Amino acid sequence: MRSQIEGSRAVAETVARCRPEVVCAYPISPQTHIVEALSVLVASGELAPCEFVNVESEFGAMSVAIGASAAGARAYTATASQGLLYMAEALYNASGLGLPIVMTVANRAIGAPINIWNDHSDSMSQRDSGWIQLYAETNQEAADLHVQAFRIAEELSLPVMVCMDGFVLTHAVEGIDVPSQEQVDAFLPPFGPQQVLDPDDPMTIGAMVGPDAFTEVRYLAHAKHLRALEVIPRVADEFATTFWRSSGGLVRPYGCLGADTVVVALGSVLGTVKDTVDELRAEGVSIGVLGLTTFRPFPYDAVRAALRGARRVVVLERALAAGMGGIVTADVCGSVPDKPITTVIAGLGGRPVTKKSLRGLLTDAVADRLEPLTFLDLKHDVVERELS
Amino acid sequence: MFEVRIHGRGGQGVVTTAELLSVAAFNEGRQAQAFPTFGSERTGAPVVGFCRIADQPIRSHEPIAAPDAVIIQDATLIHQPDVLAGLRADGYLLVNTSRSLAELGLDAVDRPDRVLTVPATELALTHLGRPLPGAVLLGAFAALTAQVRVESVIAAVRERFSGSVATGNVAAVRDAYDLARRSLQEAAHAITD
Amino acid sequence: MPVQRIKFYQTGSFAVGNRLLDPDQRSVQADTERTNSLTMGHRACQGCGEALGARYVLDAVMRATGNHAVTVNATGCLEVFSTPFPESSWRVPWLHSLFGNAPAVATGVAAALKAKGRTDVRVVGQGGDGGTVDIGLGCLSGMFERNDDVLYVCYDNGGYMNTGVQRSGATPHGAVTTTTPAGNSFRQGKSLPLIAMAHRIPYVATATVADLRDLEYKATRAMEFHGARYLHVLVPCPLGWRTASSETIQIARLATETGSFPVFEAVDGEVTDVTRIRRLRPVEDYLRPQGRFAHLFGDTPRGDVISSIQAEADRNIRTFGLVETTEVS
Amino acid sequence: MPEANSHHPYAITLDVGSSLANKTGSWRTERPVYLDRLPPCNDACPAGENVQEWVARAEEGDYEAAWRQIMVDNPFPAIMGRVCYRPCETACNRATLDEPVGINSIERFLGDEAISRGWSVVVEAPPTGKNVLVVGAGPSGLSAAYHLALRGHQVTVRDDSPEAGGMMRYGIPSYRLTRDVVDAEIQRIVEMGVRLELGTSVTDLGDALVDFDAVFLAVGAHVGRRADIPAGDSARIVDAVSMLAGLAKGEQPLLGRRVAVYGGGNTAMDVARTARRLGASDAIVVYRRTRERMPAHDIEVREALDEGVRMRWLSTIVYAGADRVRIEKMRLDESGFPQPTGEFEELDADSVVLALGQQADLALVRDLPGVEIADGVVQVDGRMMTGHAGLFAGGDMVPGERTVTVAVGHGKQAARNIDAWLRSATYEHPERPELATYDRLNTWYYADAPATLRPQLDVARRITSFDEVTQGLTAENALFEARRCMSCGNCLECDNCFGVCPDNAIIKLGPGQGYEIDLDFCKGCGLCAAECPSGAITMIRERS
């Protein structure tokens, strides 16, 4: 049933309907509303049986989730920014152990300088952690992706990170159709762990692996991600059948077919990009949008197919690899190495990505006036003063 | 698309005001989006809330730079530089005050059909006993902009609050609505006269 | 003539077993059916105190829980020597995650079991002193403060032995490590048992591998409580302490008999029982056999350091009442 | 690449096997070996008892087994438990820890238990047809007879006394050794088929050596050593041996109220204490050296002092009169030998009893060819045989300490050798293992347990009767005392090795079976050896 609620609340209620058995909470903006809402649902008995653990750090949060998952419980936590980095060691561990934990990342910049606003620096820094990464364009999708995330995670026995833009989505109140319990139950079977700490069947989980087998373990991890490229769209299809709406999957092309210029982006900025592109198309500009829902595993084939007809590609991303440029760009290049690609770094540290700016940017792009690496709305006077 | 920007101070319920407005619109079957300025403002600091209302899905999440309406929950903010920024020439302005526009130094924007003051804090104190003008202002907003019906605002208030807080707010919303209607009618008469 | 109750046996109650004891008085380790939670083929050094301590504790826990226990292990010697792929020495369900998170992982396991209604399965977290008093302290403190239903066991060998004998927060005063080449200049180090007690958790105890029966008793007793429990076990490391592999137990015994390592238990943050020193010895007897203290007795003897170590031991003796005072009847 | 496995997730799809595949025994440069060391009690026992073994049986509460283990070596547990001077307890390692195990008291308990329960010994060996004559029915002779009988030989014991027991009957006062105990333990030997011919003097060995296949001489030392003390006509000077023997035969010696006993041995104590019991108000022992140098055992001295016996150390009697003796004070020179000081003193004494030692009556062997006599005793070889083939000798008449226990040991030793000699063989004593010294033990494992004291009669009753002074232990006390044994040098199945091995490389074989080292996994750390309470494990180097 559709209701006008905050994104965090929608995610919390959706997660609750996925019946997690252990939820770990450590406060960090902007994910706090999610675990606050879950704590209320657990305290009220609405979500039961479920253990809500107030941990002492994000490192502890992921660790508790690891223990819970290894003991056969459906485990969930949420974090952002510094918190994600603080749990980085445990992230690799969760994926290395093949534990199907689902975590919301309310994307936020990383300090210093400290900044609580949205960009993708946090989750991008963990792109190689072995977690599946899904990026929500809207709050509706954010909610829906969590249901799919548990399915994907448990089918593959891999952890899944659902990324939603901090504040922009988490704190936005919108009309959202929170999946009903019946729907979720029909879609998401109870967790049947593929490995579990069980006194009746003692198992060693997490043995030390030396040079003789580490490569093989990593190879297998990669293979599992490749398998995820099949599982993710299938789950999205099944979701659409059950819930009567489309969300998730690998990529979301929007007017790509026949477009000379395609803007690749992920997250909530896609809405503004689509608005802008619609205007440009109305003015006769041949331009489309490719939203990346799945960033890890990187859907090379899907991206290549979507960009087949494009003459130029603009990758708009909310994170920067200092000394290198675009993070997503590097992966898109892997899909279409022969196409001209420009990178636009936009919206760092919460700077709004406005339609006005985008319009100017895309106009330049279409006219091939864009630098290979452009910083949207960069205050040139400030940086030049510093650089001089 | 109708875009509203709400200015107030931390602790005055700016976020709630934006949310209530979006819920009121949602209750009328429209698309709505409410969101606050994102930050770590503490009690008393100037804060801004936003609300978009449309009949098509709202995709953009950028802050509202050129609002169709500005609601000022705390008149002491009126001379802050950004408060009226981007407000269209025919945009609406709703100010919570018991003073006149002239007294506030706002003679320049004195467009009686678009600009309205309402003593929302006093109304809130009367009906609620607490100085929370947010919902009250939405009663006046409904009268001023006709973007939402007052009944939708009341429904949103009832969804959000319960007990005496709900009752008090509803009463205050009605009062504010009636007050605003009267002011607007008077202004209309003045223009026709 | 007064009749003396037959309570002393040929080897008293200090040996592992005794053919004369009633079966129910025999230790877990005397039992041929013991779990051998950490079984043979592991790659611990010769005479490893930690291997010994871990088997003692877990076998006792397994008996106490009717073989319904799950173990979470921090990174460290114990983890490395027990599970070099493709071999595992564990005969209990065992999970290794990271160096500093074993208490939190154990919490997660406990939470999962609780959510699943598996009240019959108990959780043990374990790690070395580095993983416990240093990098894992945050997680451990959180586990204590939330009173999670976990027994956390620290096997204290006074340093980072896995990485080549570096100083930890539990390295004793005066000890040479590869990062304190002139001897650890810090004082007694963190007393995690006292820190644990400050959390007012239901049960805190210390023990050593020199007194197996006491260790088994404490592991068993710990399982009688629910909530957060902490067991701190002194496990000499022949490599790091530079002692002969055959001296492991002897050195642990000297640690207690000199007052250097107080053995006690505490319930709800208050000391309830203390293992009295049977044969009080000066700390020098404990220090001298250990290569890591050799510099104290070298060409320029460090009487000052020895005195301060003795003072620390005296303080333990005083604080915990380690020496029985003559009772006037 | 393995097929994507839906059972286990990838990270652990490479299934972890057991470390049992890793044979850490290859790390070893030394290996532990179980061994038996000689416990000091066994080492010290003149009768060659396997003390530790029978104590172990007693610890288990199997008193009969314990008693039978004593009986393997010594037919007189009840007597031993009363009169043995306990070299075992002196040697006991537990003495270093706290107090020695009360071996003697346990032995007495077992001996008494055997008498009261009527436990007997059955000869299982088939008759050999060999006849052996034992001359002397004292402890040595009876011990030899017992051991020979056990081996199937026909034994005849001849003694000129009316009753058997020798010094056990005619030397040791009954308050130390009750006669019913002596009777019972001798009767048990008789019941094994040993022929006792009492009141029969053997005056010539010539016939015997022809009639019997072997002869064991054990006539003892019953002749009191005299001292030439100037004495007045009315002085009453008595010889201790005769006096004690007379008493045993029912005579009432007339010693008077004040008795001076001259000598410092156990006999002197026996006499002084007997004198008190016979009504002497004052019994004073005069000895020329100090208490430390007294040959009497400390326990005897202590009990004598308890009973009011007085001691005059560093004194010699230089003259004995009718009611007093003159003594001269002595001093010890550098070599510890007493020297006269020329200082004199007088003591009231109605009689003087000379307890200056005994001599053997060697008339029987004086003229036998091959028999060598030196220092008043018969010389024997390692087989206890005299220079005369087939003639063996033991007890007080051969060199050695003159105690019942030594005598019993002689009897056993002689019997073994006589048995071998009768079979034209040589008895080979098994090699003695290394001694289990205190430093081999890990005493931390032994609980503190003070020794159990045997109850004693109160002094008032002691000096008015010949009732037995020292009482026995209860079964419970005996058990406690037995369990104080540290099992020096021998595995006591304490499971320490099994428990302390960090590599689980000790295999416990079950009760009575001990342990085995699993060399597949033993890394040779040596903890088992270091933590073995009894020192029954040693480390030996692996051959490269």
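Every chain is named by a letter (A, B, C and D) in the order it is written, and numbering of its residues begins at 1.
In this text, contacts are C-beta pairs under 8 Å (C-beta built on N, C-alpha and C of every residue); 3 or more make two chains touch, one makes a residue touch a chain.
Chains and their UniProt names: A, C = Pyruvate ferredoxin oxidoreductase; B = 2-oxoacid:acceptor oxidoreductase; D = FAD-dependent oxidoreductase.
None of these values were measured; they are calculated from a predicted model.
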> Comparing A-B against C-D, which pair counts more contacting C-beta pairs?
Replying inline: C-D
> Of the chains shown, whose Cα mean is nearest the mean of all protein Cα atoms?
Replying inline: C
>> Using mean CA coordinates as chain centres, what's the gap between chain C and chain D (FAD-dependent oxidoreductase) in Å?
In response: 48
> Rounded to the nearest whole Å, what is the centre-to-centre distance of chain A and chain D (FAD-dependent oxidoreductase), using the mean of the C-alpha atoms as each centre?
Replying inline: 90
> Between chain A and chain B, what is the separation of their C-alpha centroids in Å?
Replying inline: 35
>> Please tell me the distance, in whole Å, between the geometric centres of chain B and chain C computed from their C-alpha atoms.
In response: 66
> Which residues of chain A are in contact with two or more other chains?
Replying inline: 97, 203-207, 209, 213
> Going by the touch rule set out above, which residues of chain D (FAD-dependent oxidoreductase) reach two or more other chains?
Replying inline: 14, 16
> Considering chain C alone, which of its residues make contact with at least two other chains?
Replying inline: 83, 85-88
>> If we count contacts the way the header does, which residues on chain A are in touch with chain B in the complex?
In response: 3-4, 6, 29-30, 116-118, 138, 165-169, 171-175, 268-272, 274-275, 350, 352-356
>> Residue numbers of chain D (FAD-dependent oxidoreductase) touching chain C in their complex, please.
In response: 14-24, 27, 59-60, 444-449, 452-453, 455, 474, 476-477, 479-480, 483-487, 492-496, 498-500, 502-505, 508, 510-512, 518, 520-521, 523-527, 529-531, 533, 539
> Taking the complex as given, what residues does chain C use to touch chain D (FAD-dependent oxidoreductase)?
Replying inline: 1, 3-4, 6, 8-20, 26-27, 29-30, 32, 36, 38-44, 46-49, 51-52, 55, 82-83, 85-89, 212, 238, 244-250, 253, 278-279
> In their complex, what parts of chain C are in touch with chain A?
Replying inline: 67-70, 72-73, 79-80, 83-88, 90-98, 100-101, 104-117, 121, 138-139, 141-142, 145-146, 148
>> With touch defined as at the start, can you tell me which chain A residues reach chain C in the complex?
In response: 21-22, 24, 49-51, 53-57, 59-73, 75, 89-90, 93, 97, 197-199, 201-210, 212-213
